[in-house]
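Consider the two complexes below, in which chain A is the common component and chain B and chain C are the respective partners.
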Partner chain A sequence: MKISELTLFNNKAETAGIGLFLLLAVLPLVLGVLYALLYSLGLIGLISDGFTFSHWQRALSDQEFWLSILYTFYIALTTIAISITSALAASLYINKPLQKGIAGFSAYIPLAFPAIVVAFLAFQLGSQSGFFARLFFQFGIITDTAAFPEMVNDPFGIGIIAAHTFMAMPFFTLYFMSLYDQENISELSQVAQTLGASRTAQLRRIIVPIILKRAFPTLTLYTIFVMGSYEIPLILGRQTPQMMSVLVIRKLRRFSLSTIPEAYITALVFIAIILTILYLLFKSRTFSYDLDR
Partner chain B sequence: MTSTVNIKSFWAKVLAATFIFPVAYLLVLSLAESWLFPELFPVSFTAERWSTLFSTNSELFNSLLLSLVVAVMVAFISTLSGFYTSKQLAYHRKRKLWMRLSYFPFVLSPVIYAAVLYYYFIELNLAGNIGGVILGHILIAYPYSVILFSGFWGNRTQRIEQLVQTLGGNRWQTYKHVFLPLAQGLLLICFFQTFLISWFEYGLTTIIGVGKVQTLTLKVFQYINEANFYNAALASSLLILPPIILLYFNKKYLFQKRW
Partner chain C sequence: MVTPLETKHISKSYGNERVLSDINLSLNSNETLSILGRSGCGKTTLLKVLGGLESPDGGTVFVNQTDIQTLQPQDRDVVYLYQEALLFPHLTVFENIAFGLRLRKIDEKKVSKRTHTMIRKLQLNGMADRMPDQLSGGQKQRVSFGRALITNPSVLLLDEPFGNLDAYTRSNMQELFKQIANDLTITAVFVTHNVKEAILMGDRIGSISEGGLTIYPSVEAFVESEKNGVQEEIEFWQSIDKNTN
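Let's look at the complex of A and B:
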């Protein structure tokens, strides 16, 4: 009797499939992290002087590095908070008119916008000589461009948050509306109403918690997406503070080679943050691996 | 009651106007001859930019073609390879591990991913050319494709496959007559989604392409840098055109979780 051994791959098709997956999805990430790590430790690269922690010490004592991490979280969390609030309001208050006609179609339009076009639009509309400033000027609210508040390249990232919200809010509105139907929330609300719950109590105890719980994985993944965005903070942001993605590329592209290890350290820290968030997300019970669910 | 309906309808219209306005703004800006502060509307219009787009040696038209070629190649390769791979991963006993791993490259910032991989692209002579950019885009689009298809390979599909095999069908016949027709809708969604991932990509393209592979997104950035806002609006209009066409045919092609 032949006893079959437990092997990683059962047949040639499986070997090819999983081999391709390892080659395209796993190996590049491992190699990329390894290269960045070796560079940051001074083991490879044009300015390599042998193993050293000096680049890490310099990077970690740099105020700009910590400011960048805080700024990245600030932009991502503020965007998500505003987007969730406005999307919940739209999906619960005006869900019926948003499901038909031109309004129903229009909610999909922002999904057709690449980040770079949204950044360009935000710049065109919100800058001190932009469309909104012209409106204010025509109505006599301001008399010159300098009087218009800075909304792009501003210290609070208003332009960056507005641009991201323009992309996220309609997506979440449509997503929440589909969840509302999928989870039979209207039936649950009716049961609560029969039992004497007011509309506020239904919203606070049933509707909003169910939607947010069900949407939690997507909200987390979207937060990661905003944290890693590049085009929008590049066009609408300032020299300092900068989001981590912009900081990495700026340090990589400087004429001085000495900032390259710091760029890789920032990239590694960013990857570590993302891996930690994903790890916590995978442990959450609400997470499903299938995007369709 | 009627007033509540009217108020809701009013707010829906306000929201619709907010979403439609940017499209109109881009088109107007691309057709404006001159539109300076404090003018609220352009003083005069010109169709010259749009007409020269289709003339010979138009840089923007070349970028449009290049973006189309790159996005179609990325979508085609990612969809087919993702479909094939996802089956092997879905039925493997380490499915959970593979699915977790597929999320990492997909959610990582493309520009940071490109930054840590740039060295290998140089070593493989893939930096600064179209092949490298296509491969770079596939590194993001392919894991997405794997994740999207993972839901397709459930118990039902497995039972159908076993039935086909019991009836004497080989692997090729199973794919041709069962899997591909069954997954037709999902394959189309995946194709368009991976097309859009590539079509929208800027950060990774600029790093791996070293600025030499001038896709439409790079053109928009170049025009913004040159303060040539009229051409930036034209390039932006071209960028949003294919997704809006997709939207016209089927909203589901556009509304899929990409995060």
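Let's look at the complex of A and C:
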């Protein structure tokens, strides 16, 4: 009798928990998406004029929209690629100093910086009127601060990528170091070595594939986080192309109300892209990561 | 006749603690030497020195009569088998076993043929595509064996490989190892702290105590020795026998 009561209680607790999760986490998102969808179809909103695809037609034929999608992917993938490569190198080659002393403490410092602070720092350091430009000018390396290479508000998003990398790299370094211990990689490398693997083969066939496979969900989520970031591209990016999050807010806040449905459409497309990527990536999680194949 | 493994005057200390002292041994082809010893007596250190995973303070290791002291572990043709299976978690059973062959850039058809033959020998039919986390402890240890044996190394070093297995699986694995070692003419050093296992697995038996290695000329000499704990074990079982009768 007691057992059945306990089971019933557990079920109730589970049901309540799931209900609370749906209510607080899923329902607002669903309502938001629904609102955006209705707005984009002209069914609600200040300029609602009845059901129409005209907003979608206008949004999808806008070159800025497609450029923004490509730019968002470019920034996110470049940031993740640089961060992973440098974090792997740091976690494998300087892991001992990073586990103690000042070096160990310094690895945690960038994690304490909010994105907006990092963006301002990057602006103050890397702009043509910033610290490095003045330093180069003072040393006579450049004749005018305007001759300093554009690293902020530049067409290639160097400032945005640098700021994101500054935040991501220490995080990934610490994460990879913890995975290295958790996954027993030191012993697995020794096994590979006695089987005939050189240091390069150990890295290519054992160490990097295991770390990347284990880190895969976190890497995916961080990529999505960078794709959706706002403060850094707002401060360090150009007017065009803009990352999708910045473009959405710009279109929402324009004087002309006619761009509001386009803003919602951009947001909806962004959500659809992310959900599709997540579905495709997590559909088959058993694929091999051996870099030799 | 070429001696697959020989050591001369191997010694190793950690700080002030002398773990190995003047270790000399010589193995014939297709011979398994069991080495018995208590935990922390230096058995694993000896295997790691032989495999190149630890450097000795003095002495020399010869494989096939070549001094391999300066060679890296990957160049010694000596494979070390751990107590845990330590399968590569991102690779299937097939890829784990084929790992050594792939490193040697062997033709794909030969890799497939040799790996499937090994899978059959290990009685792992139908499991080629499984991931390590889908295997039992005994199955994992079989894959680990196959991975070590497939490249036909000059010497196999086994560091209590059945230590984590239950009695039944352990017994099966002991038989399987003896059979495969015979088929493939494997030369091996088998380290254990289990007296019965040392007798079952070894063609010759040795024991490590206080840094020194004693190799017994016969099983009888091993059983009669008072240095290796066999007598205590015999007395224990005799006392059980008396009490139950």
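Note that the second predicted complex is superposed on the first by the 266 of 293 C-alpha atoms of A that agree within 3 Å, B and C clash if a C-alpha of one lies under 4 Å from a C-alpha of the other, contacts with A are read in each partner's own complex, and residues count from 1 in each chain.
Operating definition for what follows: a residue touches a chain if its C-beta (ideal position, glycine included) is under 8 Å from a C-beta of that chain, and two chains touch if they have at least 3 such contacts.
These numbers come from a predicted model, not from an experiment.
By the document's definition of touching, of the two partners only chain B reaches A:96; chain C does not. Contact with chain B, but none with chain C, is seen for A:114 once the two complexes are overlaid on the shared chain. After overlaying the two complexes on the shared chain, residue contacts for A:231 are found with chain B alone; chain C is out of touch. Of the two partner chains, chain B is the only one touched by A:129; chain C is not.
When chain B and chain C are set side by side, the one touching more residues of chain A is B. When the shared chain is aligned, chain C comes close enough to touch A:192, but chain B does not. In the superposed model, A:177 lies in contact with neither chain B nor chain C. Common to the chain B-facing and chain C-facing surfaces of chain A are residues 289-290, 292.
Contacts from chain C toward chain A in the complex involve residues 51-53, 72-74, 76, 78-80, 82, 84, 86, 88-92, 95, 99-100, 102-104, 131, 147-148, 151. Taken in their complex, chain A has these residues touching chain C: 183-184, 187-188, 190-198, 201, 205-206, 209-210, 213, 286, 288-290, 292. Chain A meets chain B in the complex at residues 8, 13-14, 16-18, 20-21, 24-26, 28-29, 31-33, 35-36, 90, 93-94, 96-98, 102-103, 105-117, 120-121, 123-125, 129, 131, 133-135, 137-138, 145, 166, 170-171, 174-175, 218, 221-222, 224-225, 227-231, 235, 244-245, 248-249, 252, 263-264, 267, 270-271, 274-275, 278, 282, 289-293.
Those residues of chain B that touch chain A in the shared complex are 8-9, 11-13, 15-17, 19-20, 22-23, 25-26, 29, 37-40, 81, 84-85, 87-89, 92, 94, 96, 98-105, 107-113, 115-117, 119-120, 138-139, 142-143, 146-148, 150-151, 171, 199-200, 202-203, 207, 217, 220-221, 224, 229, 232-233, 236, 239-240, 243-244, 246-247, 251, 254-259.
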